[in-house]
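See below for the structure under consideration.
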Amino acid sequence: MTLTRRGFIKLSGATLASSSMSAMGFGGCGAALAESVRPYKLAAAKETRNTCTYCSVACGILIYTSGDGAKNAHSNIMHIEGDPDHPVNRGTLCPKGSALLDVVHSPGRLQVPKYRAPGSNEFKEVTWDFALDRIARLMKDDRDANFIAKNEKGQTVNRWLTTGMLAASATSNETALLTWKVARSFGMLVFDNQARV
Amino acid sequence: MTRPPGALTRNDTVTRINHWITAACFILLTVSGLSMFDPLLYWMSNLFGSGQWARGAHPWIGIVLFVSYTGLVIQFWRDNMWNRDDIAWMKKIDRVLANDEEDVPEVGRFNAGQKFVFWSMALLIPILLITGLIIWQTYFWTWTSIPTQRAGLLIHSLCAIAAILIWIVHVYAAIWVRGSMRAMTQGYVTPGWAWRHHRKWFRSLVATGSNGPRPNVVTRETRE
Amino acid sequence: MTNYQSQNYIRISATTITPPVARNYEASMAKLIDVSRCIGCKACQAACMEWNNLRQPVGLFDGTLKNPPDLDPEVWTLMRFAEYEDDKGNLEWLIRKDGCMHCEDPGCLKACPAPGAIVQYENGIVDFISENCIGCGYCLKGCPFNIPRISEVDLKSYKCTLCSDRVAVNLEPACVKACPTGAILFGTKKNMTDWAGERVEDLKSRGYEHAGLYDPPGVSGTHVMYVLQHADKPTIYSNLPDNPRISPTVDFWKGLIKPVSLAGIAAAAIAGFMHWVIAGPNEAQPEDEDAAEHLIEAKAKSPPPPGGGGKPQRTEPVEPPV
Amino acid sequence: MTNTWQDIKNANLVLVMGGNAAEAHPCGFKWVIEAKIQNAARLIVVDPRFNRTAAVADYHAPIRPGTDIAFLSGVIRYLLETDQVQHEYVRAFTNASLIVKEGYSFADGLFNGYDAETHSYDKTDWAYELDDQGFAKIDDTWQNPRCVINLMRKHVDRYTPEMVSRICGTPIDKYLYVCQQIASTCLPDKAMTSLFALGWTQHSIGSQNIRTMAMVQLLLGNIGVAGGGMNALRGHSNIQGLTDVGLLSNQLPGYLTMPKDEEQTFDDYMKTRQFKPLRPNQMSYWQNYRKFFVSFQKTMFGDAATAENNWAYDYLPKLNLPMYDIIRAFEMMVHGEINGYICQGFNPLQAFPEKNKIRRGLSKLKYLIVMDPLDTETARFWEDVGPLNPSDPSKIPTEVFQLPTACFAEEDGSLVNSARWLQWHWKAANSPAQAKSDIWIMSAIFHRIRELYRKEGGAFPDPILNLSWKYTDPTNPSPDELAKDLNGKTLADIKDPSGAVVLKAGQQLDSFGQLRDDGTTESGCWVFTGCYTEKGNMMARRDTYDPRDQGITPDWAWAWPANRRILYNRASADVAGNPWNPAKPIIQWNGDRWVGIDVPDYGPTIKPSEGVGPFIMNAEGTGRFFALDQMVDGPFPEHYEPFESPVENLLHPKVQNNPAARVFPDDRADFGTSADFPYVGTTYRLTEHFHFWTKHALINAILQPQEFIEIGEVLANEKGIANNSWVRLSSKRGYMICKALVTKRIKPMMVAGKPTHVIGVPIHWGFTGLAKKGYGANILTPSVGDANTQTPEFKAFLVNVEPSNGPEGEV
């Protein structure tokens, strides 16, 4: 008996209450009005002008980093978008450029020098000093052993053919000049870049 | 509970428990369902903690209701079979409503009104279950096309409203006919109650020397 | 931070409040997608994922250039590719950027039962406020374009926000900014409509006599519009609806039956109450008890059936059971 | 590019052939769309596939890979036949009227002077008849049959529409429609731009593909004008810069060339380089060669480069071969002639032809040094990754060093874009963990080796010990210092002819005009001189001012040479100096000097009446239909079939392929035949990916996750290949198992009367990165290069395709 009466009251109460609610202008939307759209995340980010690393359209990009540069704030690249001032891309970016953030932070980014010994089936982490000393030794020994000062005709040729180099094609001109100087000072001729592929 | 001597059992314990499980589910479903049906009633979802909870609980309660109501069907279907007397009773419904049942035909265990409630629920609840599954986003949204789901929503709502209306009749009747509530809470009625409201049922109990809820089976042997 | 007040809203889902629309002098904004300029490069997809910090798991090739396979709580826009050959056998590669159309009359918002879970700002953007979303999925059923998707993680509904965070500070959406060929443009709806007119003229001059603007009246227009080379057959663009409108089923369900049903329920309750007042309760009277007693006694006089029988002892002859 | 990206919008017709600009350069391609919108331009695509560019084009004509020369020679024939050429331009600005030596001839696919032994030509007769003063003879009436124009007419006569259609598989009606459209730009005020890329270069006839189009453009007067030009859409962000700075086996910075064995003295060296004018009072820029070279040697070796030691001429290695290109390098490697290899941001295992050969080569090295921001397949060539990379580490003796480098966002510096703009960029954040800049690493290697030579001595240490290294921080020279090196500075006061001091000692040079050959100036790359002057870093300029909105933006960054934005812009005006297209002039003669919105590619005060030709880099001052001895495979382009071709050469069956191409015996043995491999394979890039980098970028991996090939519906049906099913694609050199995309966009072409099917092979997958693992297209490609540049023939080779039950099915 009591049970059902309560049920009955609940029902009529419901109608009553709801009507009064609506009269008071409630619909539970108070919550929504308190809401805001997602905060604009670049408000305090640092903006750096750069050039897309991929193709030769060389779109201008804006790199946004967190942190205001304060000594204790370790800044992190958190967003990249097109530079609207750039005469070619005018702020646009292709699917690669729009995803530059993911290549900067790719799990595939190398963190430390690694070395693979002859016959080994693994890379092991090494120090820069180990890697560079070993490289210098290998290169010098190879150069000394195989440097050609004169060819069979007795002409001075000063070339080193047994070590070759492929130069990057996304590095700066400054890196390129330095690389040219170093490679040629060794007498390297087996020297190429990505121009063809 | 004190049961007066001579009292007749109207609903035995299993039936009563089964009924109240169904009732509880129905009320919860009504509350959560209406909160999603009309923003006026959205506040009712707070009884579940939040709209998210109301939405989440509703279909599960629905499944319990379906199972539980199936139990009631198994127990009640025979006593709810329609017969000639029901039509006669219906013809006198005005007298019934006026609380004057003297020249209203004698009624068996259930009158036509109760049978109507019983069978409409038996029809609506399966429809609610099926349409309910169709619109159950979490698990079945890929099972049917969106137009089907739209139809499902509409049918589900309409059936739910119908069920609620019938339920109101059911509840009010229980309040109006004194003693009915006790019949479903403590489970017994007085002989007088039985004589007044379900005289044919009462006679059958007396005749077979049963005190409810169903007459004893009388065989040739027992008869003689 | 961009806090909105009630005056910033045109529509709010599941509420009896009518927003004041006091700030409706705010320009209505629109995104125009010029399919005839689209090369399907997916820059918009990449920019959307990057800006909104969305990354769904790496999938598999699925037999088309379309990837990921479908819209998703983490995929708010998607290029759909259709290779269309006309009756003369001329091949066209129709590439459509799919995503929320930000309808002027949003079916999702109409269907939504959760107050304030879907709102429409004065600039026309239809936005989902996840905090208020209950994950019922009614928005999917209300949407004429099949856009929203429910997350399996938090069971809330997600879709393109038209970068409401960027637009709120007067920037264009991320996809618009990225689009290399200017196939996606952003501005006031009027502006976009006018420009679309020029584009349609150009397309007609290039032999697309049925070129036109897709701004479906069935949903009172959209805030994301298409310039189509073949506006007469939208469906060839990966099943863009010919005449999208809020389904009549949804209209009815969200329209008439709500008040009628509540009225009905209330009426039933009141009717019951009135009957109680007028006719009052129906109680078993002492004479009923006597009659019952009389019947029982009559039964008691008859001899007991062999093997006992029901109590109490009865002495009267047995009446045939009814 | 001869023009700028934005200048494309000035075109009336955009021809995309030998490339897929929309797919590969979407942001540059926007200017094609702008041309359509602002200039009512038409866009025509000639490509084997209906590609992303075709999706927004007005017209698409199919062509069989490797037959562009036939197509374009046919266009030349059409233009001459129908006389739709810009006569005044052709007469004044090209070598059409010049008379060629008697010795020159062409017959049955071979030019005169061919040596079958060495696969090379004796080019001495590929020259003009000279008069007694050493000037080229000329016949303006074009009566002389030895006139270039007449020789050209005769040469292309064989390329009839029928022949073109039979070779290229292009339906005649489509071919002729394209001809008409191209011809429509012969009017002085109409311009066509040609956008091309690897689709032309990656052929055994790559350079001649481009030359043929250049000839078309000269006939139409479309070189040097707004909206015209030959626009090579270059690949990597600084591939232009690396070419300018000469990181090639046979180059010095600024297109100076490395000395050869025979050129034992500096004077020998200069003989063949300091071109004399071939026409009266023609200015020829290479007359300054000596100044450029000496100034460069001063940058290299500083005080150690003196007049006495011929400016350290002997410090430079001498070439005994035309070049040590990548194909030769790996040929040497396979034969154990190379012990060490350095890959600086380069992934040859994926990027070079015949992947299995590349792996064999790397496996023979003593040491491999990989500098890269990302984990490349090359660094892991020794790893056993099953069929994707079947290696046996235990048998590979190579020591491998994987050195982590900074990426673009983590350093300052300048990059040269496709339009020759040098643009400065700024560091945004530090490199992760122990990653270092390339500058730091190269310096560290250099210093250690120099130390060893100081201590131990060794083979010819002089160039190493004397290498000029005057940097504030020798271990990590700053990009600004190096940029200043590239620009160059004075080593003593520089005076003009009047004796007035132009620049004081130690000041940055303003232009290469100030370079001296007496050792008083130094410059790391003469074409860059002017990029970092006393005014500061010109490459960092950001003024977007663009006169008449014509796409020049003269004050944005800095363009080489001399901040010139459109090359040969003298040719934008007629002989009298009035612009061909008055609506879009670039420079014009105002009565006493050349003025306009761009820096004249010409002497600023040379009167039109002096008749100095506009192509001042050429000794005769004209554009060349007849290439003289500049090309190894002929002064005129000729159609030769790819080294793997489904048909015989219809023009001259006896000379099937480029006779001057260099093919190593082993590689020749690896060529397949159409009997075993009946279909034409062609490799290309997808817009969602950049080479083999972006499979490391999550978003791009999501946007295009898995290796697949594109195959036409007809062939798919023949082969019973369903869309999205597994296929096995094979060539003579290897196979790959991947998914198939069955498309309407590739249709069979009727070549020499038989249907020819093309199969498209995107290149981007490998066994590192976030995308699904794949084989990489170069497991299939042949190891043969363009006769002139040795660019590998990636665009046309033979394959077979079969249904497959997937990787599991393969063992």
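As written, the chain order gives the labels A, B, C and D, with residue 1 at the start of each chain.
Methods note: a contact is a pair of C-beta atoms (placed from the backbone, for glycine too) under 8 Å apart; a residue touches a chain by one contact, two chains touch by 3 or more.
In this text the structure is predicted, and so the values were computed from the model without any measurement.
A comparison of C-alpha centroids places A closest to the centre of the full protein. Using mean Cα coordinates as chain centres, the one most removed from chain C is D. As a whole-number value, the distance joining the C-alpha centres of chain A and chain B reads 67 Å. In whole angstrom, the spacing between the mean C-alpha positions of chain B and chain D is 85. Chain C and chain D have Cα centroids lying 54 Å from one another. Centre-to-centre spacing of chain A and chain D amounts to 27 Å, using the average Cα coordinate of each chain. Chain A has residues 8, 11, 22, 26-28, 80, 89, 92-99, 102 in contact with two or more other chains. In chain D, the residues that touch at least two other chains are 26-27, 30, 687-688, 698-700, 703, 770. Counting partner chains per residue, chain C shows two or more touched chains at residues 14-16, 41-43, 45-46, 49-50, 114-115, 132, 180, 182, 262, 265, 269, 272. Of all residues in chain C, those touching chain D in their complex are 36-43, 45-46, 49-50, 55-65, 67-68, 83, 85, 91-93, 95, 180-182, 202, 205-206. Of all the residues in chain C, the ones that touch chain A in their complex are 1-6, 9, 12, 14-17, 41-43, 45-47, 49-51, 114-117, 119, 127, 129, 131-132, 161, 164-166, 168-169, 174, 177-180, 182, 262, 265-266, 269, 272-273.
Note for the complex: chain D touches chain C at residues 22-23, 26-27, 29-30, 33-34, 36-37, 40, 50, 52-56, 58, 60, 687-688, 698-708, 723-724, 739, 741-745, 770-772.
Residue ranges on chain A touching chain C, taken from their complex, read 8, 11-12, 15, 22, 25-33, 35-41, 79-82, 84, 89, 91-99, 101-102. The residues of chain A lying in touch with chain D in their complex are 46, 48-60, 63, 65, 75-77, 80, 85, 87-90, 92-100, 102-104, 106-121, 123, 128, 131-140, 142-144, 146-147, 149, 151, 153, 155-197.
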